[in-house]
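Look for chain A in each of the two complexes below; its partner is chain B in the first and chain C in the second.
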Partner chain A sequence: MVRHTPESVWKHSPCFKSMNSVQNKSILIFLLASIGLIAFPHINHIPKAVFAFFYLLLSWRFIGIWKQNWLPNKPVIFLLTVCGLALLYSQYHGVFGRDAGTRLFVTALALKLLEIKSERDLYLITYLAFIVAASQFLYEQSLLMAAYILFVCSILLATLVCLNSTKLQPFTALKTAGIILVQAIPMAVILFILFPRVEAPKWMLFNEKHQAKAGLSDSMEPGSISDLGMSDELVFRVKFTGALPPPPQRYWRGPVLSYTDGKKWTQVKDLRFRPILDKPVFTGLPYQYTLLMEPQDKNWVFALEMPADYALPLSQNANYQLVTLENPDKRTEYKITSYPGYNTGAITRIEYKDAMQLPGDPSDKIKQLVKQLHGFDSTSDYFINELLNHFRKEDFHYTLTPPLMEENPLETFLFETRYGFCSHYAAAFVYLLRVANIPARVVTGYQGGELNKVGNFLEIRQADAHAWAEVWLENKGWVRFDPTAAIAPERIERNINIDQLMPGGIINYMPADAAQAAFNWLKQSRQLWSNIDYHWQRWVINYDNKNQSGFLSSLGITDIKAMLYWMVGSIGLITALLSWLLLYQKQQAIDPVVRLYNRFCQKIAKRGLLRGPCEGAKDFAGRVKIKLPEKATSIDQITDLFIKLHYGKNSTPDDFKLFKKRVKSFKI
Partner chain B sequence: MNRLSLKERFQLSRFFSGEKAVDEPVKLTHRRIFILPTYRGLNFAILTAFLLLMAFVYNNNLVYLLTFLLASIFFITILHSYKALAGLVLQKGQSKPVFAGEAAGFTIYINNPVDVERFNLQIKLEQPESLTIKPQSKTCVTLYSLTQKRGWHTAGTVTLSSTYPFGLFRVWSPIRFNLKALVYPKPSLQERPFPEMPSTNIQKGFSQKGTDDFYGLKGYQPGDSIKHIHWKAFAKGQGLFSKQYSSDSSEEIWLNYDNAPGHNTEERLSQLCRWVIDAERIGIPYGFSLPGLKLSPDNGTTHTRKCLEALALF
Partner chain C sequence: MQNDTHHLLDAANQVILGKAHKIRLALCCLIARGHLLIEDIPGVGKTTLANTLAKLLGLNCQRIQFTSDILPADIIGASVFDAKNLTFKFHPGPLFNQMVLADEINRATPKAQSALLEAMEEQNITVDGKTYPLPSPFFVIATQNPSYQIGTFPLPESQLDRFLMRIELGYPDHDAERLLLKGQSRHSLIESLPVMLTPERLINMQDAVTDIYVSNAVLDYCQAIISFTRESSEYHCGLSPRAGLALLNAAKAWAFMEQRDAVIPEDIQAVLAAVAGHRLRSGNNDSAAIVAPILAKVAVH
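This part shows the complex of A and B:
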């Protein structure tokens, strides 16, 4: 007789178990590694000191996995907490808001890491890590970041799986977490689409100064735009509903610069809004397009010349430039219609004054040049033509890295260096026209754009920044002239190939030869990626109140009640599908002989005689016969047949039929 | 599985102590599986609420997406929790008799007939045990329940539970089997000499060791003490023989309820129990009598069992 001592039983107390999981190395490695990964992209977002503090404590805890004694005790943890708070205070940025909140959570997570006593602490750390993961999105919302965070979250979830299944291998845990994550995606997407987006009330918005974003400046000093010319950064994307305008017409209008001090060109101070009725007369076919602006620090929207129809929050200023009334910090989509042909009509007195302004008397050298080109004694058209020819015929060059022109840049450019880019040419052109008494002004903006063949939209990058001139002509109104086109028509016809721009060198235009083919696959993959990114920005990042109602009404969901019904309905459907997928258990294909025998056993079980899990058929029959002597013969027959069919070698189909008949007729 | 009446279906006890006790194997289905979030699960819900607030304030769609993803995971975990137990078949096994004060062991067979591995199940009668069951396999676990009194000991509810996969939900299934174990009286701690038998002609102060004088061999009969088997002969392949001792015939004793010392029934039974064990160990044939029961002198496990059963159920 074995005596069971109770002591042997009490081993698995809950306390014992939780101690185990806290000291379980693989769980800790998993958790700490995922936390290290989750906080890493913050390297650019939080002060270096806070970042270093976090990774110092993380490494400390990591070493502590193997050297338990090295972990800090309570007073040290208290000191570290004080340090952390002091660090936060020294980087003081308020209590609320993105930056302060992120720092607070990162520091709290680091401190909590050193105090892992129970399973509860592990959960708290995991939850804090999820918050830190979410805070990454407040800084960066790219597709890559989303994929990265998704990956790290699956490691965090795998940690939880490890905690709840002690014998599981880390890789299997990761797989389990991944599977559940994938199963959760459809429901998350439904929620994402249907969850009502409401703008947060104003008091909840924390006004924070974000880093200045690159863009066109509101002034132009030939030479100041060269950096922008090199930047590959995306400014906006345009998707046309119909045909695309030909490349020479792709002028995206930005600020108009009328005032010059001889070196620098700036906007005139007093920019009034143009009365709605005072619209140009449009001719030609309209271009309808959606313009997706990347976050900007200025409220300019670069419409195709000349914008005709637009909706709030857009409005047009006196220079026909579109500006938005909303915060440009957010990626926003606008629907605009433009006409390639337009006539702005008469010039106003103020416009005329601004377009004729000169910084003092022009020098004799310049007057000489204007005179030589018949500036003073012919029509405007003739002079403009002469001037463009002058640029074309003389030894003028187009370069993105012109020599510095500190003193009297105009004359230096026109008579000495003759190397320059769009700003130089536009500035010189406008200046000379004004000398010749023709109203002219500089328009800045973007020109061209790369067609993404995959998504059929234009991408306009900082490299496409451009400056051209606008001249007021009798009966025509403001007319666009691009002196750069005269000197480097390729600049307008085709885009600069940024990839081939060598610093300091003269720009290479892509020749249509083998070199291009070599870069083709690179370009294609880049376009594919741009297309994905475009849709990501447009449909995911930018999916706001407006987009949502637009998208949902196209599905026939118009009010919040319908939204709710759809949400509940689709979640129910997904749940039903998942339940079926997860819970439908394939029954083993049971041998029909065994199935019949089980039926026989079930019949006997009605009398309270159960076949033990490991009881042989013969033993069972023997036991049953004692209790049911009147059935002894049929029990024996069935048992013998079962043994013959199930274990024996030479059983016949007839045996099975007999067996089936006997089991069926067996009554109790 | 038998059907539940409406009244039974709404009984709160179903959640904690399970349905009425059964003998048949129990398959775990939606009727017997219950799921509730743990404290950790509730905290997870608070986390998602916090993230939702964050997404709302910053109007950040990726934070929204993360929030909804976590919320969906929370929701889907309910299905996975259910899957952790669903389909398992529990069956009760035999239990062995124990002495009062010891833990009675109940064997429970758990069959996992499907292709799903069950991780970290907790099965609990009085103390939890954790186990993992491979796909399409059976396992058995012995659960212990402390006994106090002699007689039939009935075990309560067996609870199978799991927090797999994330610990956000606890899924449990309370099952009651007719788990009964026979509990013998606790053997008295005091060592007392066997009672004197007036009917037999043995001198006072006889040696308790009745195995002194070897008398001869006889053919083994089931029930003969294992200690008396002539192993040497058996090893030589001569068959099973039991050694006969001269004292065997003369030194039989009677363990009688009336002769047992003790202030009350329990003490007397306890003493009798002790004597039965001692006599069996030494190998003296002992007769046994309780009011209403008389077993003629004998040896062997069957005899001992009969005596102890009688004591347990007296």
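This part shows the complex of A and C:
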């Protein structure tokens, strides 16, 4: 006869439950999917080999959900670890810094995925995944990325909810995770506003200097460019406190190019040693504005001509251009005041020398042209007028895709092709003036800017880059002339931007009305989005130590002690509020009979007799009566009424009233 | 009506000493129209309990001693050729009694076991295409030896589920054992017991039990227990819906015996070990230990 043990019977029973969460498919799918999503934005941040290694192991683990036998054993995992370390070492020879840290975490996460043995491993992986998610913010801090990470974190949170719940419903878990996230928002906001900001050491974060996009170049070579890159990348935003300057006055001053070799225009080499000039005499109404520069690789700040007041770290160089003394690779805000009217006064000798420099003698053809326009025998004003008229009347064209002019670009442009954009016109204009013995120079910068109607600020993009001329005139000082305006006045006045530049390069407008409507809608939504993004950058990303203390002192919080008090106080308040809300909701759901009975139990609890959650009313009464024999009658009465009201069939409203009365009058 | 049960229990306690709670559970099982399984080592009074109950209730009782060579026909009866009338005549087996004591049920082969257990479930017997109803009330008390003993066929779960309750008797305590050793023989005691309840009254009681009220709060508690057994890692297999019904029926009968017209959580707690113990078995034979996590973790509603 065979002896049966209960275990042997049960092991083969069909209803043997596999409640082990390590083998639970839905938890694993949840976890792996969210990890796959979390690491994905790192595609641009970590080497492709590490990225591929991560997703290879992830998909291996994914297949392993169904094919348990395919998962690697210990020696293989060891081998993979060695591979991963070798990969890390070959890609990056160091252990410090953002990049090395991120790669290490990503590789560690991938390896840990293959080693899920207990519930503890699942927790560890989830926490590692949270770290990898947070590391995304070391690379990108846009609003979209924040939304994406928040979304993925809610899935991770749902995984944790699943791990701790016996009911494994994915959508319920997601809902719970969402509720938890929403409940966490007030806390996050308070901590964000009030927690002391610590400036991280530079080697740890943001060594993204090499990644800052080159904006305006410090030299200009009109003939060598045949296609002006029209990037709509944002350079800076300006918010005016009062009225906006009209479009023809929106010249944002950048580097001044005085030296030319005939083809290329550059800044003078010893600019930094030049003496700082006196302030110009300003006239007219000032414009006050806040300028928010995007990260740059050069320290130029493009102020509206002509900047008058500014604070450190800004300073002005000998060309009236504003430069920042701090690292320009961070988004920074500056407060500047500019006047549209100015007189720079007398010219210095060295300025004069720079502004008259020519690369050798001009050709006869050019001399002939200058002579023809009365360059040698009239006033400066007259010649300038003649020259601008010449551009206007002759067959000159404005285009963004001019032909290449490699040999002697100036003459080719003036006499042959006659197609060009701002740089061509500014360079030719300045050159001809210098030939006519008038001091002149090229100024580069940005012109115009698109008004964001939602946020009422100007957005200046790379496509707004511009070059114009500056001429020194007796009694007026340096005066701005824009020869491009003579050719294509709409470029200056109508404030054209990238949206309206047709692929052909020549300025054009959308012909059909329907297309126009769609276009307007597109433009509006784009403006709305850039407004949101502006506030995100300004209030969230740019909220550093300085901004924090500024903002808090406007609320009346001035020192760190007050800040900590406020933080602890408001967190306590929110916690109390949330817990009250949760408890109150629970209270509401309870039957009034049970609530009264609970009150009765609370009264008894004062004597140290606690009712366990699993103890029935009758058992509890029996237990209490032994300890409190003098109260036996009233305890019996209340318990009997409770049983009648809560469990019985025929309870009346009078019973409830009596029960209420007895519970209320019950004293201990 | 409930007073009758008190007298009955008093009388039974005179015969089986120191086992008041177990006798109460056995009577509860009977009133709830369920069958009882008593599991324990030989000689602790399983048969005595069955005989005492049969005598006190005035039921005709038949004992079937299960052995490894018993056949289904030995239990349900057989058709025998009647030479006089030249027909087959059905001779009812020992199952055609109001109370059947199936002794050492797990020593029989599965085939014989299932013959008994099918009859228990169907309340009638079909032989040669003809159906014979079983008497009413019909009550089976089965006893079994613990499964670690030699020569046992453990009952499959599906058949264990047919028994409303399983109780263990256990050794009597010191004083009860002294009395037992001193007193007269149990056989003569049982012989002298009066009939305290007629079968008709028992049926009335069984009907009254179905009218016991079950509130939503108790149903909540009952469901909480069931889902706890299904979700907790303590148990391989949770309680089935039939087990839930059994639990509720037993609790109703218990409330009836407690002279209440509605079930309270304590009734469920009182019968839980007996009703759920054998349905949740996890290699442990101690019902109280099996259900202890439920009593400790499921909050009453």
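Everything that follows uses one rule, which is that the second predicted complex is superposed on the first by the 524 of 668 C-alpha atoms of A that agree within 3 Å, B and C clash if a C-alpha of one lies under 4 Å from a C-alpha of the other, contacts with A are read in each partner's own complex, and residues count from 1 in each chain.
Going forward, a residue touches a chain if its C-beta (ideal position, glycine included) is under 8 Å from a C-beta of that chain, and two chains touch if they have at least 3 such contacts.
Because the structure is predicted, anything quoted here is derived from the model rather than measured.
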| item | value |
| --- | --- |
| Contacts of A:Leu610 with chain B and chain C, given as first, second, both or neither | first |
| First, second, both or neither for A:Thr379, with chain B first and chain C second | neither |
| Chain A residues touched - chain C or chain B, whichever exceeds | B |
| Chain B versus chain C as contact partner of A:Ala188, first or second or both or neither | first |
| First, second, both or neither for A:Ile149, with chain B first and chain C second | first |
| First (chain B), second (chain C), both or neither touched by A:Ser90 | neither |
| First, second, both or neither for A:Phe130, with chain B first and chain C second | first |
| Which superposed partner A:Tyr647 touches (first chain B, second chain C, both, neither) | second |
| Contact residues of chain A, present in both the chain B and the chain C interface | 1, 3-6, 9-10, 13, 17, 166-167, 613 |
| Chain A contact footprint on chain C (complex, rising order) | 147-148, 150-154, 157, 213, 215, 217-218, 231-233, 236-238, 261-266, 269, 281-283, 295-300 |
| Touch list for chain A against partner chain B, complex | 1-6, 9-10, 12-14, 17, 98, 120, 123-124, 127, 130-131, 133-135, 137-138, 141, 145-146, 149-150, 153, 157, 160-161, 163-168, 176-177, 180-181, 183-185, 187-189, 191-192, 195, 197-200, 204-206, 540-544, 575, 578-579, 582-583, 585-588, 605, 608, 610, 612-613 |
| Residues on chain B engaged by chain A in the complex (per definition of touch) | 23-24, 40, 43-44, 47, 50-51, 54-73, 75-77, 79-80, 82-83, 86-87, 91, 93-94, 96-99, 102-105, 109, 111, 113-116, 119-120, 126-130, 132, 136, 138, 140, 144, 146, 163-168 |
| Complex contact set, residues of chain A against chain C | 1, 3-7, 9-10, 13, 15-17, 19, 166-167, 613-619, 643, 646-649 |
